[in-house]
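Order as written gives the chain letters A, B, C and D; numbering starts at 1 within each chain.
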């Protein structure tokens, strides 16, 4: 039974798992139930598990929620059936997991990566939305799997089972990398810094969906992801009575507003695409008090890491000068980051050939230019830097709305194609060198 | 028994009432328990009561809370002992009350005014704070009588009892005007528009505290209050993915930030004091989405109504142009306003003389320049326009912290002086013309 | 004698002519001496001349100098030897010229285009600068041929003589289009609107220099030129004494500064390169007077005409809103514009082949990406829209400094290659279809 | 013959002198002909003259013109009749003069001050303008006595002659202080720093005109002048090609524009009047080059020196932060300054009394609130600090247009009143103590 036949036979299991995950979405660094589920399944399948602090450089984590938020999410996970032993290991922002199965001492190490976190989106309850109609939409307020990470984990677990079933036919080692907090590009850097891909020869990242026009197709070796940095800045000034002593103000709102306009005005870069967006701004405490606080969340992107660095350096300069201009201080923190997604041309070409052989895709493109960012980039860059090969694949699907939209949904049948492809890729490369 | 003797005898009652009011602070338009308490007391004392829609031009109310907030506050008031009959009358933002007692057909109409609402401040629980130490600090989250309006109502009710007790000695009519929503200058305009001072010959407004240096003193005929307008503006744009289609954005945050800086840059006025403050700004929904919404709360002030009008006209122009600049729309609403407090010189002089005669004040000043605003200004202006006399008095007190501060407190003994003064003023003017 | 031999024989003439033009640079719309010289030479060679209003849509001219400036330039041209008859025809901003020679009734019409204007640059008098050393640097204050248009005209005149000499061997018609005011992209639109390329089957534009790395090379079919618009905006407000009556100000400087920052902050376009630059800003009249005037010169660019249109529309919105914000008016005029340079692939390929056959270029590239703009784009677009073929060629040269630099210079020997190439191209296409 | 009779007899002389000065206006630090004329007259009258570097702290001069401009003005002065000996002494920005006459060893030192510079205004040639009609309007391009300093000097010279004529009747010492560069408040500080008023017991400053409503009146002890500082700022960035390498820009225009808006947005001061005005801004060199330079001229004012200092400190902070924000540098220089004009109440009262006794003024006011600034403030402050008395008097006149207007003119007859008043004041105080 090849991977396609295996995947077809397991369709019901895939759908059931995906729907359970979809119903219990957990935002980045809070994926306690999700990670515990993966750990349980993979342990049962005979994988070696490294989890939590074993696979994370804790200092390299970005954009962690508050302790209180993490604690509440841990308690909820247990209340919703998570194994407390695993929640303890993953607890307080350590929801990372690497499952390894060594088939032989001599072969290559092949890695597949899945992200697992959800979005801060209130899922639609419209009857046109299939998860609502079928009763598996999110039961968590303002959380939704609106980017398909529920599907990613389901596929990785399907792949895990297929490989475990066929372990006698394989050589080398498979590594399943289950990464927290991809939204906001906050999680991969800490796993990469912990060395989880340092021994990987062949690396595959996958994303479902992206563009309706890719439905039924596969795109690989994607150059369209931009490097990005996510930055939080909070200005601290001094509040004064707006009528009685305005001259005593150190006006944090003026600092923030001056920063916002000048950030947006950072000069375009001649070497390629650049982006800047101040997404949120909150300032002040009351109408008749001069604003002593202002905080903003922004992101920058660049077609190259050099461009992204240029944008980031300009951001810092502008934020600091805006604070100085109004006698305020500013605290700047990096809330996430990703370099450009690198791809190995040879590997991508081989993926294409194999995909064409499988005969399950309407079209196999060499690349698709998207415009988003993806912290899987840390893994692909590291693997390639150390002499391995890596590629990032987009598994097209007939998405019902754009990613991050309350009506986002994919075609569940595409999970079959994903598992079939990944299974075949594993079989191709898990042989003695 | 003169008014001073009466006030001294009733000190315990004053303190008990003030502390009960202090413990149950209610923000503007939500003073259901407070107003019901006043209505009950004044009814018992034999006053004619006009309440709610009878004494409010409902369309002239500014800065009303949402229906849901009002409903919750009504339910809480009843739960905390308010008479449901009165809550029904005052319900949904109609917490205004005029209590009248006619002593004779021929004499003048003399009015005293009290405001009753609390501030959006979390009261201190520090042991240095007397209300905390004595156990009567606010039991309502983020609400506190931090401006002394609990004291104002207590004094007016004390005055009411003194006058009712002495009604046979008086001529003319006394009017006790109990006004909601002074904070944010939202309430007086609607009472004035309903005509509640149209028949008033002599009008007195009073405020306790203001400045520690006035402790034990009286200041009247104050020219230091500024005209003001409170303005809310909300920008509506269009959100786009910050990485994939930034050019589709209609960036409401850029509109708001451009407005904020230019508002602050409105040219000073050569004719006197002007002020502008954007107190709060909230914009955007997420880091990687271009901001489609932004809202700001601002206020302007002017030494004269002309200057305030100049500032207001400039505000509108700037807000609208900032929206247009970024292809957004903007909705501008007036959330409060007050003209300059006018005073009748003759009346103020007579108040001084009487205050000096009473011998209870350390000092009696002709004026004190503050810098705040006060919507009692609507009443004083209307009375003077119609040929009456009006003045606004500051009853100094040894305040423990600035107004609106979590540690704000007054010296309760000053209530005695307040009732004594108001009682004596009533006696002086409530005689046949 | 083929075109290469012809060009080599005429090297001294080319150098003499180029140096005379270089010594007498004339900015856009002021090329009276230059155009008169071209007209005189081409008339002598037997070309039919159409000039001035015959080949310009006068209303489509952009960025004309003032009458006074034009009059002075006309007088100077005559003083420097221009034929007054031609100056009269070209006078007051009509310095356009089309020279035609019909070889037969049946063949194709092949056009070559040259621009002729100089830059607003003060030429270097450094001995390292060859024109200074050789005594032919500009004798006109703040004017210099710092972009090679002196070379362009010299080559076109050399080509004209070669074709006239060989007219018996040719069929069809050659059109030499001599265009004013390319700097600031102000002149081509008016010639195009007058229909000068409506009958052209094959069109060639040429530029010398561009990049030192192209020395000795040829690049054609260039996609690197951006569409552009040049915009002037002048704000009119109202001035007041800054100390005595600031509130009466309608502050044009504030309007302009708000515009500048927001212009720079126009959102990047996801479809390709965009640019914006406010190059100059002048505002105000005196330190103690509120500024009633402000004027700015800006330009925008786009990788596509769609992007350029997006930028231009945003510019107008921002400029108008900035004026409205400060109760000013704004007058916006287009001072220049160019679409994207279109190229015919087939023609470009044929040019490459011919260039390679000639054996005079170190390298022949298919394209070179520059980043500037060029109003020759009007001609290439029109020719292609009407079914003809067009290409724009870059004739590399060992430039001594970037274009528009006081030290800019080219290698005069490259004129030989230019005339040889254009002569060969003319011979190739000027045959019966 | 008293001072009034003297002044009436000398009316023709006053008018002739004033018209000659009016016809030859000289801007600040360039008053070579004017100062030479004064020096010549005063020498002839027997005064001791200290001039140039003797009465200036050269380092304390502000806002000096360039050497070239000063040299040209010196040459013009000589061409227009100035004594070269004096031009040499006053040359290159040393146009200050103190003329002293000691009547006795024991009496007080009484000082009168005149300024002498003209405005950068093109005088009207309208027949409604008396100087034009009578043929004595300015013969210097863009220079005009549009503030009455020609009148001031004429009156001081008239006073000088009156006192010289009556020297036997006087005791003590008279000091005539002739100050350059009052426009832009640039000159007084350097004379004060040189100690010219350190020995003065009684000091009088005078200005003609100010307000049409003061025609025929006298106002003294004026509190209406504001402290002020004049500031020049020039930003230096780095220019890049706007299309080819915008990211290399260090955009001085963006720095300047950000500064301008934030300067205008400096919070109002609760203690009194504040002002800020950026009067001129120039930025950039060409449309397609990112701006590497920007310069602005601004002024601030304050009702008190404390407020002016607050404004100045905020200016510096904003200018420096704006430069830092765009990686530019900024050079900030003080181009002028004046504190608040101090007045001695006793002296002012005595002036009033004397003025009333003279019977030549329609009205004598104690003060008039203007709104401008005046560097005579340095002298009045210094005299009062050292224990003397000082006052600043406004000599009303029927002015034909506001000061600094091309149509400004005064009523020449008012010079009679000025000399009469100053003469009488001198006589009153120049007696033994």
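The rule is short, and it goes like this: contacts are C-beta pairs under 8 Å (C-beta built on N, C-alpha and C of every residue); 3 or more make two chains touch, one makes a residue touch a chain.
None of these values were measured; they are calculated from a predicted model.
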{"item": "Centroid comparison with chain D (C-alpha atoms), farthest chain", "value": "A"}
{"item": "Pair with more cross-chain C-beta pairs in contact, given C-D and B-D", "value": "C-D"}
{"item": "Distance from chain D to chain A - Cα centre to Cα centre, in angstrom", "value": "69"}
{"item": "Averaged-CA centre spacing for the pair chain C and chain A, given as whole angstrom", "value": "50"}
{"item": "Gap in Å, rounded to a whole number, between the CA centres of chain D and chain B", "value": "50"}
{"item": "Where chain A touches two or more other chains at once, by residue number", "value": "244-246, 251, 254, 258, 261-262, 264-265, 267-268, 270, 275, 290, 371"}
{"item": "Residues of chain A touching chain B in the complex", "value": "120, 184, 226, 228, 230, 241-246, 251, 253-254, 256-258, 260-261, 264, 275, 277-291, 294, 297-299, 301, 335, 370-373, 402"}
{"item": "Touching residues on chain D, where the partner in the complex is chain A", "value": "244-247, 249, 251, 254, 258, 262, 265, 267-271, 290, 310, 317-318, 320-322, 324-327"}
{"item": "Contact set on chain D toward chain B in their complex", "value": "261-262, 264-265, 267-268, 270, 273-275, 371"}
